[in-house]
Amino acid sequence: MVIILKSNPNKKQLDNLLSWLKSMNLGIHMSEGANTTLIGLIGDTSGVDMELINALDIVETVKRIQEPYKNANRKFHPDSTVVDINGVKLGDGNFQIIAGPCSVESEEQICQVALAVKEAGATLYRGGAFKPRTSPYAFQGMREEGINLLLEAKKVSGLPIVTEVMDISHLPLFENVDVIQVGARNMQNFELLKELGTLKKPILLKRGLSSTLQEFLMSAEYIMAGGNNNVILCERGIRTFETSTRNTLDLASIPLLKSLTHLPVIVDPSHATGIARLVKPMALAAAACGADGLMIEVHNDPAHALCDGAQSLTPEAFKDVADAVKAILPYSFKGAK
Amino acid sequence: MVIILKSNPNKKQLDNLLSWLKSMNLGIHMSEGANTTLIGLIGDTSGVDMELINALDIVETVKRIQEPYKNANRKFHPDSTVVDINGVKLGDGNFQIIAGPCSVESEEQICQVALAVKEAGATLYRGGAFKPRTSPYAFQGMREEGINLLLEAKKVSGLPIVTEVMDISHLPLFENVDVIQVGARNMQNFELLKELGTLKKPILLKRGLSSTLQEFLMSAEYIMAGGNNNVILCERGIRTFETSTRNTLDLASIPLLKSLTHLPVIVDPSHATGIARLVKPMALAAAACGADGLMIEVHNDPAHALCDGAQSLTPEAFKDVADAVKAILPYSFKGAK
Amino acid sequence: MVIILKSNPNKKQLDNLLSWLKSMNLGIHMSEGANTTLIGLIGDTSGVDMELINALDIVETVKRIQEPYKNANRKFHPDSTVVDINGVKLGDGNFQIIAGPCSVESEEQICQVALAVKEAGATLYRGGAFKPRTSPYAFQGMREEGINLLLEAKKVSGLPIVTEVMDISHLPLFENVDVIQVGARNMQNFELLKELGTLKKPILLKRGLSSTLQEFLMSAEYIMAGGNNNVILCERGIRTFETSTRNTLDLASIPLLKSLTHLPVIVDPSHATGIARLVKPMALAAAACGADGLMIEVHNDPAHALCDGAQSLTPEAFKDVADAVKAILPYSFKGAK
Amino acid sequence: MVIILKSNPNKKQLDNLLSWLKSMNLGIHMSEGANTTLIGLIGDTSGVDMELINALDIVETVKRIQEPYKNANRKFHPDSTVVDINGVKLGDGNFQIIAGPCSVESEEQICQVALAVKEAGATLYRGGAFKPRTSPYAFQGMREEGINLLLEAKKVSGLPIVTEVMDISHLPLFENVDVIQVGARNMQNFELLKELGTLKKPILLKRGLSSTLQEFLMSAEYIMAGGNNNVILCERGIRTFETSTRNTLDLASIPLLKSLTHLPVIVDPSHATGIARLVKPMALAAAACGADGLMIEVHNDPAHALCDGAQSLTPEAFKDVADAVKAILPYSFKGAK
């Protein structure tokens, strides 16, 4: 970490700063130029509050030379991580498609869709049992029963299942779930992340609505710091001023994340755009720029036939997407490691 | 709720939509114009998924006529809510200042600052025991011990205390806390909100980093739907492209929120700007546009003398702010109800 | 256009609104429901100020049923536009790559790069003569002399040239330029757009830093309303909170724009990301989701060898990108029309 | 300027960088630490392209120690600027209110409102003759005739007038205008700014929709670099994800700008919020945090009686705002210089 001081820093404030830095067992390397003084910090700066230092009167700016994440950092782990999901490998060239309905609604629905998406090319199965909803009056998911139905669908289809957790207290229900998803709104639910760090199960971590890539990686670091390295990152769009899509899918984050971290990165074009007819072009674009997989909403419940145009595809439309993605993969970007 | 259809909607999709709407026990009022058809929904539409309908192929747009929040809505509760915090009233003309350090660090620190801010004009005391930190390697707060020290400070100073909860499982420790704070990152931790709805204790709900005002009110609604009406809203800045302040303080939200809801609304200029010298002008501006209170970071630990310029004020600087705020209050905006 | 009124609108205000609407020669279709009244407007509403109506006390919301752009609208012009640039066709399956240096610096430089990018696969040549710079003290481009050097490079290479205009008064200098570029900062310089509408020359219109897609299309409409239909849209990233790339490339805008308009849409991955190693993956992603072309910065001036890593590629690196793009094109998205 | 290099920079690239820096006549001060090398640049760095350097492979980060603006910088001009507008002083304790209608519509309208706002407390008069409109089909203003009517209103009322310019070629029409306004969409129309720098007339520069404060100051610097120091800055809201107000008024920018620059800073609450009932609270907040003036939309055209609730106030409502602002001014923030 390097601290650049303003010209002519107040002597007493500088002494205070230096003794505080020393109290944290950091080596200090001062370098005084013509009109600038720089303080280089040597040692473990991961606990140093950069924002606090940055706000000091005598400080012009402060900059980490090393990223604050270690376990997630590709510098220290050059080989790409492959996450093993009950035999399905994801990452480092192993491209997987997670598909399934937004919510678990009934045994018939959840099992039928499972078989349909498997047939169409999905290798992992998703469905929401606990649903984070903006309104307390909206359907909150089938919860425990929903998990049981997902396990039934897993039995029927043989596909490993992915489903979202919303609170630490529900974790015992997830014992037979293959991948635990952390939703965008919980990306900085640090107590939950710490708890997930104590498990060995793969965690699918979605990027927060207004999270920088560094914050995203720091949330992965929370899980990994507890000993669980099976983290899959998922770009799902960020919140911007543009309202013609639900969120703005930040695809440049894919090659950028893959250069910063060894963890696999997948893309959710369904939630990012909120528009079914954009799922295919965005799935192709995600594959083209090097994503390790996709997460796509698919339904086949006739009661939802009205949803044509919404973010969910039918199994037939999903097959078209999956086939196009498989065809484009050999020509996709492989360079950023 | 009004659904505006595209011209010449597909007949089968329209029938599907209408039968789905009827299955939710909603009255339907169709109105066909020259090149538009409108569907008015009558009844309780609070559980209807607007985003789903909006995404249908045959739908041009959908618009709620009534806000989706009821308990928080000023239309149904014209009188401003006054939250009673252990005898300290907040709201409807009762302006209060919450002050205190970012983190609880020691008994001496937390008790000294309590006495100092009380003397300077604070009527409620804040301090962080559980600290949400971006990095797993940063200090996570004194946790249970921190809460005990805060209760000690409460005894010494007589000021009711405000402190943040980070997980449902910690709630038993908050039994003697006067106001439970929900941080910006947990504004949409719906399971936590539901649990807080079962308490009778005042809840200080901070606006999420990228939350719209409607989402903010819906999170208050989660708490109120459970029966707890003692909710205080806190504007603390939103995330934008501007980096010269930590966040962008959205002060227009104050009069706007106060017209939409009867709940009290306070402002946290310390976290919003991250710059100590901006706390005074922003505190004055917040008071001027009708806020019901302020939340300000104050420290007096000599070890932090270096923090001049950071978001924390000394007790002396805080007194200057508190005095200026009291002087401006008689001239502030009173109109938006 | 449909205006949805609040319940129990003030009678006098409603009468005022209705007579004002009638004064604009609009047909009015009222529809009164149980607790809502709707006003449908029939006729040419393109001059109606929606924002003004939306802000009225008695109005709940107002919504256009028809987009406010006509000439740019695919509904009225279902066939994709092909822009002919001195024999080079762009759009509707004709994919072109514009390449060249950020600034014209010397005859040697601009001619050498032209030959190099042509060899590597570029079909159009770009170079900045007038440079919009944030600082008045930064190099403002070679201006008139720069245009002359570009015309020299055109002669040498045979590639049609694309260069940016910054003010109406410079237009006479652009007589032999093949495509006139409007930069992001001038996307809403309406007087300039009107002037460009009087020309027959192709216009490359870049999306503004914080422009919605509708605003982008309205700026194209300004040019087309004057009679010039040769407009090429260029997505170049929008400004968001994320700082790890210069802008956030909004690739979902490509298929969305192509469904809304018949105009060709290209992508500038160099300016969008500001990072050379992201140009290749983003060029591939842009091609995959259906873009009609790319605009890529390339230099070969040895004085800039230091720029490895900046947004400019060497001709060799550009060839690698161009080859990869050509290989992926047959597998790209063709569906959104 | 300080350049922080990555550890173990490529020797050849470093040599290239150093010789390029030397070619710009900059003094170089190298400082090598344990795992970092810093390059301090001495001399006039205002023409150095920071973004280019930042993007180099061997560079970790680059930071200006001195702001890139000089004429606008308070460091070099500690005394606050007072702009003299035909005898009306603005800045350094001289608080002024600019009021008037959005557009000039007729002689009667423009003269009546002028007298009404003068009576109510306005000291400067505004009205739009050239109107930047998103749609080419919307009313574009009365243009030359509008300016003439404004000059008539000036004669009648004695108030100096403020009106917006949209293109260099219109400037001759502005000869008798007292303050030339540059709209948000033209904040980075650099050719226009340069031209305004050659005048002596006061310029009211509005902040761009997505401009950082530094970009805002650099645009002021463009005008001042030409010799015109009579620049008034105007905060008018920035574009964010929040849609409940038209823009997000960034009031923290007021004290921050006033510490960075000696130029006066005013606030436009009408355009920022787009909601008439928010004009009063935001005007009070702006005054409270130290703004030097306000710009408020007022109409009295009976044809617009329907506009209650829109961003325009009646003269009576404006008088209420002006009186409240005058009452709060003695208690406002005076500290940031």
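As written, the chains take the letters A, B, C and D, and residue 1 is the first residue of each chain.
Note that in this section a residue touches a chain if its C-beta (ideal position, glycine included) is under 8 Å from a C-beta of that chain, and two chains touch if they have at least 3 such contacts.
Keep in mind it's a predicted model, so treat the numbers as computed, not measured.
In summary, the chains found to touch both chain A and chain C are B, D. Of the chain pairs B-C, A-D or B-D, the one whose interface repeats that of A-C, sharing more than half of its contact pairs by residue number, is B-D. Taking each chain's centre as the mean of its C-alpha atoms, the one that lies farthest from the centre of chain D is A. Rounded to whole angstrom units, the spacing between the C-alpha centres of chain B and chain C is 39. Centre-to-centre spacing of chain A and chain B amounts to 26 Å, using the average Cα coordinate of each chain.
Chain B has residues 210, 239-241, 243, 275 in contact with two or more other chains. Chain contact topology: the protein chains form a complete graph, every chain touching every other one. Residues of chain D touching chain B in their complex: 210, 212-214, 238, 240-245, 248-256, 259, 272-273, 275, 277-278, 280-282, 284-290, 324, 327-328, 331-333, 335-336.
Interface residues of chain A facing chain B in the complex, by the touch rule stated above, are 13, 16-17, 20, 46-47, 49, 51-52, 55-59, 68, 132-140, 166-170, 185-186, 188-194, 209-210, 215, 218, 221-222, 225, 239, 246, 274-276, 303, 305-311. Those residues of chain B that touch chain C in the shared complex are 2, 4, 6-7, 27, 29, 31, 33-36, 38, 40, 42, 60-61, 63, 65, 210, 239-241, 243.
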